[in-house]
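Same chain, two partners: subunit A is paired with subunit B first, then with subunit C.
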Partner chain A sequence: MKLSPKVGIGLKRLGNQNLISSDSFKVLVDISPDFILKNRGSHNADLKQLCTSKSDIVKECFAALLILLVESASHDLDEKSFRSVVESYNFNPERLRLLTDVYEKRKGDLRSVLFRLQHSIPQIIDVSWRLDFCIKSSSCSDSFPIFFIQLVGEAATDNTSGGIILKKYNFLCTLEELEELVSALKDATRHIEYLAGIK
Partner chain B sequence: MEEVDKIIIHSLKDVGCDIDEEVKSLQQFTTEMVVEAAVKCLDVIVTPKLGLPTSLPQSMSARFRLGTTIAEACLELGYNGEMGYQTFLYPSEAELRKIFVFLIEKLPKESDKGSSQDDDGVLTLRQKIGESLKSSLARPWVRSRSAVGFIPFLAEPLETGISLPGQKRDCTPQEWRDYCVNELPFVHDQLHVAELLVPSLLAENVGGVVGVAPNPAGTPTLTASACWSQASANHRAADKMSWLAVREKLVHSNENLRIKSEPPKSDQTQKTADDNNADVESDAKSEEQRMEEERIAIEQLREKIDELKTLSKTLNVKLVNVEKETEKEAEVARARKRETEIRQKTVDLLPNSDANLAKLEGLLQAAVQRMLSLAEKWEQHRAPLIENYREARKRIANRNTESVRQQETTREMREKLRELSDQLRTKETFQTRLQEDIEKLPKDIVTRPAYTRRIMEIIGNIRKQKEDIDKIVRDTKQLQKDINNESGKLERSFTVADDLIFRDAKRDETSKNAYIMLAKLHSEFGELVAMVEENGAIVREIRDLEEQIETEMDKNVAANLKRITADLQQMRQESASLASQNKKS
Partner chain C sequence: MILTLKEEHKAHLSLLFKQPVNVLQDFCKLALEYLLKGSKPKLYSSAAQKLEVDPEDIENAIEGIVFLLIESSKNKLNELDFRDTLLTVGFNEEQQAVLSELYKSKEKELSEVLPSSSLHLPHFKNLEWRFECQVSSRSVAKQLTPKVTLNLTLTGDKEPSSILLQADPKNLQHMTSVLEKALKEASSQNSRRLQRRLKIS
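Our next item is the complex of A and B:
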């Protein structure tokens, strides 16, 4: 896991007893997971209270702490490796213990939030098709097949309702275009298999 | 053979085969286990992997194909011996032992494995991607979207407020600090869409790691929010769109109005906040009109403020100039006053000039004298003081170097401490892992010295046996020689007897009879010997045949034949059903 130098500075300030008192540290560490988990409740007021002096430092430390928690959870660090990451930022044992305990306790929740991060591209779940054969038309005399294709995609709506909507994509294509589409799809599959090391 | 089986099973477990504790010998292996073990061994040996299924497929023909591919792979590896699908599908114990011994010898050794560990992060990342892709490809696809809402991976730029050393901003550090203290909201409040906090945090960190400068505020935020509101299908989206449009306008007009010395963001955010409130309440058109008016008013006000500012600046400058001039004048006046005073004194002294001159000279002499004595005294005081001063300075310098050195050593110690603790941790994890490994290792596997003892014993036995065999061979040779001797003697005595009796036979009737009897005796004994030899040959043949029967019995042909016929039946059925399907379609 890599943390940016900015975050490193923030964490060092968080571990500095002269900048952040131990009471403030405890409050910061206790409430910060709740901000990521979106149940902030009355914590905004808590944050404001912390801002009575050196509010710029508090803000920096808060940002760095949030980033640390999110990154660690996304890498699924266990307690030991988390401890070793934090240790390199000059935390004293007491603070280290507090922070590690909170991380250990809330890791599951943090990861559940991270699991909800997805791309919003619809997934194709079904396809139906029809083949028409044009024997003759007023513009050209050649006969050719036309494929009517309908892809059914499934996309989630936004996070609040959590519902799923089906979208239908209709298009028609000639034989060559269909072949192109199929070969492109096959290419994609092959690429995935190559990445997975199957072939 | 039991030890061999034990070793084989142990090695197969190492490869990752799931073998029951109860299975103690190859005899107990089922077809499924044989195929699984063979495929897993091949997966480890052959790179790139063959990608064969580890379990037997349902259809008979697929099973045969699988068996054939495994056999081909083994032959390619250099197995010399007969091998085909039957080896794996209808296994016999002896053959299996041979094959597995061959495969296990081919397994890569521990020492080969260690070399390829030190590659950079990209490779491991790619490996990880490959593994997770492979595992997800192995799973059947399910519609995974549950009722839990998802968060799109869209990031908005965040400002942590932390300045890197050497980082330049378009304002002074003091201004930036004031801005951070008073204006900058907490990171979670900087977002326009609260749900995007997590991706934004991740993106901020990655941006910092990669060294990409954060996007200037404005357009990127808009795109992220715009994507978000496109994704959201609920009512709120409508509000947001109009709000966004207003914001976009504001941003563009702000770019023209932005004043250099102000931290750019605070102004903007305040403004947006105000406008946002106003906007939500009324509808878009009148809103825009009012906005326009307000904007013009603000612009006018700002221009006025600018004018006033410049006016006050020029006035200030003028004031400063005037003050400076007055000071200069006062200085000149003071100098002139002193001059006039001196002149006044000289004019007073002028009438009695000689006496006054002498007096003045005396005064001067006395002053010079005093000056000299004072200088001497001063020297006396000064020398020790300077000495002291020099010493103190030296002491301080010493102390400084001392402290610097001590600092250095403490830093080194701290560094070392961290290193050591890191080492300790890695070693501890290593130890626990090794401990786990030890616990995992089966207890019943006989250790290496036991094996060597065993092997030595076997070798001793073999040596003894060889000696025995040599003795027997010697005996046989001796016997052969004796037989040859005897037969030679017999031949010779026979010819002698034959001659003697033959000579007598011409004259004597009894001798004739005796000769005939002798001839008969000889031929009959010859027949007897031949028969004995034949008997010996037959007994040998019988033994050979018995051995053959035993080996065939080992292969349990009957059971295998039964299975083969059953499989054949199944294959016929399958092909028949396929044919009927074909016909139907």
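Our next item is the complex of A and C:
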């Protein structure tokens, strides 16, 4: 994992006790995961308070910290490798421990947010069906069963807010068509189960 | 059962009453074309010149034949009923033989096509799938995410449309089992009994 020199400077300043006091450091580290997870509402006040003096440096350090966390989670660094990355930026043992603890504790959450960022194709999350029996219609006097299928997909919104929208896909199947659909799906499922060693 | 045609429909067909058998056969060919590919105004105008009538009359006559076929198929006329219907409308024996031949050859196709043309809602057509593993992305550099990409083709009003979807293995399993259940339900005792009762012969 490589961080840019600018981020490196930010992190070095974050570790510098003369620039960032221990209390400020603790607050910054505590609120950073929530910031990435978009629960920032409750922490805006904390951040404003920290920015009263040397606000440019605080902001720089905070940005570097966020990048560090995101990049580490993205590369799935374990505790040991995370520590060795942070160590190279001159953190004292106390700060190192604090930062590593927070990373270790929130890594799962961070990764799950990162995973959600990449929905390019709608993901199927549910399916529902209904069976109707058509008795007569304007174009045909035959009676036949007909299935209404609805797939529910989850997709990212077009704007960059990172929101999720549900999309619904409706279509009809005759009995033969549904048989065809199910057999294709079974085929795929079987293949995956075979690969996973379940069957 | 004999079909009773509307006066307007009869008027459209009346052009054909006077035509010899070989001309009627040409009309049958045009009607078939109409069924498969839709209206072909160019062909009609050349036919109109030969017969010295309006192109519109030719089109009406062809649509008349098509409508007659569809209505007959809808009402499940057998050959005798169809013959009687033609004779009542005003066709002679020879003409009736030609049209009956056409009906006989296309009846099966029509009865297959008609149910699907009711209410133009998208129908399932095909499903292609691909199993893949996502190993890296901009936001998550190191990962191993199995997923299945599905290309669902639906036939709608006009062109077939395709929908691209993805599912993780768990959701795919879920989807498969839910739809399998739906399929089982169709052949369950309860629904078979209901289907028998609802069938109108």
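FYI, the second predicted complex is superposed on the first by the 119 of 199 C-alpha atoms of A that agree within 3 Å, B and C clash if a C-alpha of one lies under 4 Å from a C-alpha of the other, contacts with A are read in each partner's own complex, and residues count from 1 in each chain.
The rule is short, and it goes like this: contacts are C-beta pairs under 8 Å (C-beta built on N, C-alpha and C of every residue); 3 or more make two chains touch, one makes a residue touch a chain.
Predicted, not measured: the structure shown is a model, and the values here were computed from it.
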First (subunit B), second (subunit C), both or neither touched by A:192: both
First (subunit B), second (subunit C), both or neither touched by A:175: second
First, second, both or neither for A:147, with subunit B first and subunit C second: second
Which of subunit B and subunit C A:74 touches, first, second, both or neither: both
First (subunit B), second (subunit C), both or neither touched by A:166: neither
First, second, both or neither for A:6, with subunit B first and subunit C second: first
Interface residues of subunit A shared between complexes with subunit B and subunit C: 74, 114, 117-118, 123, 125, 192, 195-196
Subunit B residues within the subunit A interface of the complex: 48-49, 51, 126, 129-131, 133-134, 137, 143, 145, 147-153, 158, 160-162, 164, 177, 180-181, 184, 186-188, 194-195, 197-199, 201-202, 204-209, 228, 231-234, 418, 421-422, 425, 429
Of subunit A, residues touching subunit C in the complex: 1, 73-76, 111, 114-115, 117-118, 121-129, 131, 133-145, 147, 149, 151, 153, 169-175, 177-182, 184-189, 191-192, 195-196
Complex interface listing, subunit A residues touching subunit B: 2-7, 9-10, 35-36, 38, 40, 47, 55-56, 59-60, 62-64, 66-67, 70-71, 74, 80, 84, 87-88, 113-114, 116-120, 123, 125, 154, 156-165, 192-193, 195-199
Residues of subunit C that touch subunit A when the two form their complex: 70, 74-76, 111, 114-119, 121-129, 131, 137-143, 145-146, 148-150, 152, 154, 163-169, 171-176, 178-180, 182-183, 185-186, 191, 194-195, 198-200
